[in-house]
Structures are given as C-alpha cells and as structure tokens.
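First subunit A sits with subunit B, and in the next complex the same chain sits with subunit C.
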Partner chain A sequence: MKQAFRWWQGLLVAFSLLLVMRVFLPLPFVNEVLLFSIYTIGCNFLLGRVGFISFGQPAYLAVGAYATAFYLYYFGTNPLIGIGWGLVAGVAIALLVGPLFVRLRSDYFALVNLALTVIIFFLMQKVLVEYTKGDNGLWILTRMASTPGIDISSANGFFVFAFIVAFLVWAFYKYLDDSVFGACCMATKMNEVKLKFLGYDDFKIRLLAFVIANTTTALAGSMYAIHVGIVSPEIASPARAADPVVVTILGGVGTLYGPIVGSIAYTGMKDVISKFIGNWELVIGFLLVFIMLAGERGIWGTLEPRLEKLLRRGRNNGEREQPAKVSP
Partner chain B sequence: MNAEAAALSVTNLTVTYGESKVLFDINLQVQPREVVACVGRNGAGKTTLLKSIAGFVKPAAGSIAASGENLVGRASYDIARMGIKYVPQDKKVFSDLTVRENLELGSYATNDYNWDKVTAYFPKLKTLMDRKAGYLSGGERQMLMIGRAILGGPKVLLIDEPTEGLAPSIVEHLKEVFRELAHNTSLVIVEQNLPLVCAIANRVYAINEGRAVAELVDRDAIKPENCEKYL
Partner chain C sequence: MNLFTSPDLLISGIIFGLSIGSIFFLMAIGLSLCFGLMRIISLDQLLYYSIGAFITYSVSLVTGSIVLGAIGGTIVAAAAALVVERLVFRRIYDRDITFTMITSFGVLIGGVGLIKAIWGLVPRPVPVPITAQVTMFGTDVPVYRLALVAVALLVYWGIWLFLNRTITGKAIRAGIEDVEHVEGLGINVYRLFTITFVIAGALSGLAGGLYAPLIMVDPHMGLEVLAFVFMVVIIGGLGSIKGTLVSAFLVGQVVSLGSLVYAPLAQMAPFAIMLLILLVKPTGLYGTAFLKR
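Entry: the complex of A and B
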C-alpha cells in the first residue's frame, strides 16, 4: 500500500501543481502547456531513453492532427472518435517508417525525420490541397458535436479532458520507465550489442519505443486539432522542428517531469518575452547555450536530485527525532 | 568424438576481416559440462573465435553447431536465446542501470527470476543491488556479467578473458565459481592466465596466429609449461 502510494505520489504532486496553475494563470496558457507537454514527452522518451534525437516530431503531430481533422471535416462530428483516428494514424505512420528509421544512427535518424517533416508539410500544403485546403486549412471548430460528460469542444471542458489525458500519459510513461522495457530502452542507448548477448532483439525494442513515442505525439496533434479548431500545414512546419527537442533539453532530457517543466518554461518565456521583444527565440537560444554549458541537465534535471536530497534529509531527521522504543 | 552429442562443435571454421584471414580451419569440440580453454597470445584470434560462435562475426567457411543445431547464419540474440551466452572481455555493464535492473534484463530475457543461484555464487551482489553498475569495481562488474549470463541455465558459457585486470583473491573466487558452474554448464574460456586455465580445464586449445596448433585433453598434459610451448 505504502509502495503503491509512493509510486503515485510524484504524479499526484505534479498534477496538483498543474491544477493550481489553472487557478492563477489564463486557461489558454495552461491548455497550451498541457498540449506541449504531451507533444514533448515522446521526444523526451526517444532522446532520454533510446538515445534518438528527432527533428521529425511535427510530422507525427501533423499526422495525428490531420487524421482527426479529416474525420471531423468529411465524415463525423464526434471529437473523441476523431482523436481515436488520430491515434490509429499515429500507430500507422510509425509502423510504416519506423522499420526503416530505427536502423539508423542517431544523427541520421534526426535528419531522416526532418526530411519526413518536409515531406508531410509539402504533402499537406501542395499535393493534397484538394483535401487539406492548403494554407487555408481545415476548419473543424463548428463541426464538432458536444460530447457527453465533458464537452471537449469548450475551452473549460478541453482543459479537464487534456488534464486527464496528460495524467494517464504520464502514468503510462512512469510505468514504462520503471518496467523492464524501459531498462531495455536504456540498455539499447548504452550498448545495443551487449543487449544481444542477453537474447534481446534490439531492433524490435527500438521500433516499439518509436511507435509508442510517435503515437503519443500524434495524440497531441489530435488534441491540438480539437483545441484550436483548425488544422493547416503550418503544424508540420520544418521551421518548428526543433521545438520539442528544445523543450526536452530545457526541461531535462530523460526525466519524467522534464517535458512539463520545459513546456511551462518555454510557453511562459514565449508569452512573457514576446510582449517585450519580437525575436523571443533569441532569448531561448541563449538560455539553451547556458543550459548546455552548465551541464546539459535542464531545469528539472538540475532540480530533481536536489529535491530528492532535501526530502531524504527531511525523512531522516523525522526518523531521528522519534523517541527510541524501549522494550519492557 | 560424436559431434551430434557435443554441446558445441566448431568444424573447419574460417573467419576473415575484409581481405585478411584471422581464423584458419579451426576445429573445436565442447562436451556437456566440460571446461574448455583457449589460450594464445594477444591477436591470436581467440576473441574472434568466441564472437563467431556467439553470432557477432560471420564465418567465411566452416560450421558451428550447438547440440546438433546449426548456429551459422542465426542472429546473435537468437543464439543467446538458445542458451549460448557470451560474456565479453571489456567488463562493460549497463552503467546507468542498477545491479538489480541489470539482473532483471537477464531474467526477463530468460524468464528465470531465481536470483538465489546468482547470489549463491556471488554473495557480494546482494549488497550492491541498488548501486548503479557504472560505480562497480572491475571484479564486481565481472560478477554481475557472469551472474546475468547464468540466468536461464545456459547450455554453453563463452567467457572472454574473465580474470584480466582482477585482484588475485577475485581470480581465486572465479576459479571456484567456474568449477561449480561446470556441474551444469559447458564453459569455453579464453584466458591468458595459464595456471588458472590448467587448474580448471578438461581440454585446452592453443591458438597461434589464427590456427589451433595444439589440443591438450589429458589432465596430466594440461600444465602451464606444456601450454607455453605452443604460444
């Protein structure tokens, strides 16, 4: 029981803080943080656990978003079914390109994913213009029916939905981190050949990690489509290909809560700095240089061990203050 | 000798790296529960021989079979699943994972979660379970690597230079462990420590410049001075 509580306590604290944020900060900001966090956790998993840096996350985001938008524009009105199609499309694209991509080393993996982003961008902007409506995008805001229970087509309803989805996603990734599969992923990152000595097919491990990570990204794309109500090729813009990598590094590569912290920092800085400076990316650029020089651990990667040390010291002091038991 | 019944049988194995031949027509037999040692100078081809058996180097010619099943052409992870486990020389464990996680990887692959046998051989590992493997000493890493490899009850353990760089007390401990392991498993040990080899091996192959130049099978003949003659 105590162990089960320990497992959940970090998640509960993190998401309680997000709820507190909702009280003090504007709803669009909190929704954007939630979406960006889900968008980034796949990238964080690939980079932190498997050792793959991906500049192709906008491609998977766009696939999820367009699958949802196509459904809502052409076929139905239920946004939940639209999200279901986004997930299916995420699995499909990952299974289609994954067997080719995961054979590559990390640097080529980054570039081939960037190439995929460029392909998806031009497919949506030019080739499939008849269906995607090109730069005008697919407007789905008014085509969504309200869903029973939580109406995710409303801003408040979307926050509740995104909050629940984000919590489930984090619980899933925490489970993955603690599982043997998580250890296998770490092992492929450290030495894939050694993993073969133990009888593991490292290709299958990398492929499964790739599918999981990019399906999560597609889920973020689907939710983004529902939230914004329009999907245009801009979502797959190669110019934004580095965003999830930046947020991952900012938050702390391979840390569970890094994507949330990174998303808060990135979205916050974007919102605040862009009010004063037009080129807010410049500040992010300098900050990244500073983080790299300071030890590559990112914000949460630096804070986490200190917090753990503090908590451990507090726990030890508490135990020491208890009077010693004297047996009769 | 019956090749079908052998735990491991290598016949006329030839291995090349690009244009250069590194192993020439090697023949090697390992019977069940036998300790076989391969001795030779650096660069003689001993590690290449183990890597070829484990599926990491593709032979140019010859055959390798375990309990009658052909190993050539199989993926290395497939060979490991068949119970032919390779313990490499470099003592590189998964350094960011704890000892427990390292063992879990071995257990999950083999569905053998009986760690008692591992800690029976290496009691020290019990106290190191939560330590990151990167912080272990060379001897502790070797214990972890062998401990991980024996999960699942392998048929053949291929162990490359297990005592290199280790303290004499740990070498003595490993010697006893190898003797114990040989009650259930065949061992192929590549080693330059001739006194150790001669103390535990039932059969010794001397390898020189990629050729098996001698095979010592008589316990009385397996002595350091006899092995040295061929190196």
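Entry: the complex of A and C
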C-alpha cells in the first residue's frame, strides 16, 4: 500500500500544482500548457528514451487534428468519438511510416520526419483542398454537441477533460519508464548490440516506442482541434517544427516532468515576448542555442537532482526510512 | 497542354528543373561537406542562404548590379558562417550529432528572427539581371537559368579541384575518411573545420544571391527550401559530393516535370522517391554506412 502510494505521489504532487496554477492563471493559458505538455511528451520519450530526435512532430499532430476535424465536420457531432478517430489515425500513420523510419539512423530519422511534415503540410494545404478547405481551415466549433458528464465543448469542461487525460498519459509514461519495455528503449539508445545479444528485437522495440509516442502526439492534435475549434494547415507548418524539441530541451530531456515544466516556461515566455517584443523567433532561437551551450539539461533536469537530494536529506533526518529508489 | 506532345513545355520544364537543381546543389553541398568532415548537421546553412539573398537585394538596390550583390551576399554569408562557427560550433564539435542539429536549428530560427528585425516581413522583389533568351531546340530559354546551371557546374569543378589538387583539400578528404588519423599527422583539424564551414556558408550565400531574382526574397525563404535540400542530401547520401550533384539534378527534374504533369505532385514526388531510395538503400545513393567518429 505504502509502496503503491509512493509510486503515485510524484504524479499527484505535480498535478496538484497544476490545479493550483489554474486558480492563479487564466484558463486559456492553463489549457494550452496541458495540450502542449501532452504534445511534447511523445517527443521527450523519443529523444530521451529511444534516442530519436524528431523535427516532424507537427505531422502527427496534424494527422490527429485533421482526423478529428474530418469526423466532426462531415460525419458526427460527438467530440469524444472525434478524439477516438484522432487516436486511430495516429496509430495508422505511425504504423504506416514507422517500419520505414525506425530503421534509419538518428540523423536521417530527423530529416525524414521533417520532410514528412512538409508533405503533410502541402497535402492539407493544396492536394486535399476539396476536403480540408485549404488555408481557410475547417470550422468545427459550432458543430460539437455537448457531451454527458463533462462537457468538453466548453472551456471549463475542456480543462477538466484535458487534466484527466494528461494525468492518465503521465501515469502511462511513468509506468513505461518502470517497465521492462522502458528499460529496453533505454538500451536501444545506449547499447544496441548488447540488447540484441540479450535476445530482444530492437526493431520491434523501436517501432512500438515510435507508435506510442506519435499516437500521444496525435491525441494532443485531436484535443487541440476540439479546444480551438478550427483546424488549418498552419498546424503542420514546418516553421513550428522545432517547438516540441525546444520544449523538450527546455524542460529537460528524458525527465518525466520536463515536458510540463518546459511547456509552462515556453508558453509563458511566448505570451510575454509576443506582447513586448513581437519578434518571437529571434528570442527562441538564441535561447535554444544558449540552453544547448549552457549544459543541455534543461530546467527540470537541473532542478530534479537537487530536489531529490533535499527530500532525501529531510527524510533521513526524520524517520530514517530507506531512501526511495532513484530513477535512472 | 500535354507534356509529352509539346516539346516546348518539355524543354522549358527540363531547363527549369536544371536551374533549381543547381540551387539545391549549391545549398546541399554545404550540408553534405559539413556532415562528411565534422559529423554535424548544419541546418543553419539555410540561414546563410537567406542572408545571401537579402544582401543581394540591398546591394542591388544601392548599386543596381545583381552580380555585385551576389558577390556581396557570398562574402557576408561567409563572414556570418565564420562568426557562428567560432562562437557556437567550435564548442560542440565533439558532441552527439542530434545535439549539434538542435543547436544549428536554434541558430537558424534566431537568424531568421534577426533578418525579420532588420528587413521586416514584406517579401522583396529582385530584378533579373539577364533578360535575354536563346533558342534551343526551337524553344525560347531564359539565359539566366542556363547561367545558374553553369555556375553550379563550375562550383562542382572548383570543389573537385580544391579537394583533389590542394593540400588543404586532400587533408579535408582524408578527414572525411578518418579524422583522428589526420590529427595524428599533426594537421590542425579545427582549422580544416573552419575552412569547410566557411566554404559551405559561402556557397549557401551564393545560392541565395543567385536564386533571389527568380523568387521573392522573404525571411522564411530558407524554411521553404529546407525540405528539398534535405531530400537532396538524403537521396545523395550524407557526406558524398558526387551523390549530392546527382540527386540535386534528380530532385530538380522531379519537382519541375512533376509539377507539369500534376501541380501538387511537385511537393509530393521527391518525397516518394526519397522513401523508395531509402527503402532500397538506407544510406542514400552514394552514402556509405555509418562512418565512425
């Protein structure tokens, strides 16, 4: 019982803090932070656990968003089923391109993903213009029926929904980190040959990780579609391709709570900078270079070890318990 | 009009493909060389391309000469590359490849922001320096596009001479094979890195300057060609100069002729070809298996 509680306590603390944030900060900001966190955790998982850097996350985001938008625009009115379709589309695209992409070296992987983003962008903007309405986008805000229980078509209901989804996603990724599969992912990053020697199929592990990460991204996309109420090709814009990577690094690569911390910092800075300076790219570009040169560990990556040390010291002084197992 | 019944369209399509293939080559060669020698993926080459184009615009506005503008663009791009290399890349050469890639993306985005701050967001037109046309196979062909192809071939020849006939070039080629052995021979590899990086930046700047008259110059122009340049490098194989030339002209033709057959194909077809080639040969046409660093 105590052990089970310890497993959950980090998650509970983190999400309680998010709830506290909800009291002090405006609702759209918190919603955006939640969506961005879900968007980023896939990228964080790929980069931190599997060693794949992907500049192509907008592609999967757009696939999820468009699957939801298509459903709501042409077929039905229930946003939950729309999100379901977003997930299905995410799995489908990941399974379609995954077997090809995960065979590639990390550098090629990044380039190929970026190319895929450009393709999806043009596909949605030009090729499928009959269905996607091109740059005008698909307006689905008024077509959503309210759902029973939590009404996710309203901003408040959406916050509750996004909060629950984010919590589940984080619990899932925490579980992945602890599982044998998570260890295998780490092993593909660190020593592929040894992993093969132990009898694991590295291709299957990578493919599964790729599918999981990009389905999460697609989920973020379909939730984004419902939150904003319009989906346009802009969502797959290659100019935004760096966002998830920047947030991942800003928060701390491979840390569980890095995406949340990074999203808060990034969204906050974006709001402040675009209000006062207006030249968003200049700041984010040089910030990225600065973080990389300063030590690449990010905000949470720097804070976490100190926090852990502090907690352990407190615990040892008090109850003299066994120290908690430190995650790698 | 059908592509296959009209030789006019076919020939102008091929010339168009060759000219944009030349631009792709000039840009991709920098990426390819940097990868070959330093094992970095230098996304900021696209920034030097934009810089070259903007300097060309400004200089041609003042002096009225595009040639002078392109030369100025090349020089400023090379200078910018030198500064970035000294300030940023010198510190991170021995890091992981994804690490340098993210850093160079930061340089690219930050540089685009800087260009926005200096020149603003409005797209700028640059006049075409040579408006003459020649008749080839019964079709009028703009001379400027032919000049672009000539410049690209000259650059290829120059790079070939540099790499095969000068001692520095030979050292660079040896460095592509095994950088530690070169270091062991007492050659300062960091000087080689700087030279290569500056050459790459200068060529990207030249590409921007030469391409400026054919398009509108705007801050996001680098991001627009990003995908194509990547495809060229991937199809040719990272680190191979010959492969880059072949795949640049291949992608150029696919974009040009593809758009004549069915307009949206221009963006899709190179991707399809890239996927096919990677399926058959994951390292690209002329690429070698992972080079150990």
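Convention: the second predicted complex is superposed on the first by the 318 of 328 C-alpha atoms of A that agree within 3 Å, B and C clash if a C-alpha of one lies under 4 Å from a C-alpha of the other, contacts with A are read in each partner's own complex, and residues count from 1 in each chain.
Definition applied: contacts are C-beta pairs under 8 Å (C-beta built on N, C-alpha and C of every residue); 3 or more make two chains touch, one makes a residue touch a chain.
Please read these numbers as outputs of a predicted model, since none were measured by experiment.
In the superposed model, A:Leu18 lies in contact with neither subunit B nor subunit C.
In the superposed model, A:Leu72 lies in contact with neither subunit B nor subunit C. In the overlay built on the shared chain, the residue A:Ala89 is in contact with neither subunit B nor subunit C. By the document's definition of touching, of the two partners only subunit C reaches A:Ile284; subunit B does not. In the superposed model, A:Tyr200 makes contact with subunit B only, not with subunit C. When both complexes are overlaid on chain A, the residue A:Met190 reaches subunit B alone and has no touch with subunit C.
Looking at the shared chain after the overlay, A:Tyr108 reaches subunit C, while subunit B stays out of its contact range.
By the touch criterion stated above, A:Val180 is placed in contact with subunit B alone, subunit C being left untouched. In the overlay built on the shared chain, the residue A:Ala59 is in contact with neither subunit B nor subunit C.
A count of residues in subunit A touched by subunit B and by subunit C gives the higher number to C.
Within the complex formed with subunit A, the subunit C residues making contact are 35, 41, 88, 91-92, 97-99, 101-103, 105-114, 116-117, 220, 223, 226-227, 230-231, 233-234, 238, 263-264, 267-268, 271, 274-275, 278-279, 282, 290. Contacts from subunit A toward subunit C in the complex involve residues 47, 51, 53, 55, 100, 103-108, 110-112, 114-116, 118-119, 122-123, 126-127, 238-239, 242, 245-246, 249, 279-289, 292-293, 296. Contact residues on subunit A toward subunit B in their complex (touch as defined above): 180, 183-184, 186-187, 190-191, 193-202. Within the complex formed with subunit A, the residues of subunit B that make contact are 54, 56, 75-78, 80-81, 85-88, 92-97, 101, 104-106, 108-110, 148-149, 152.
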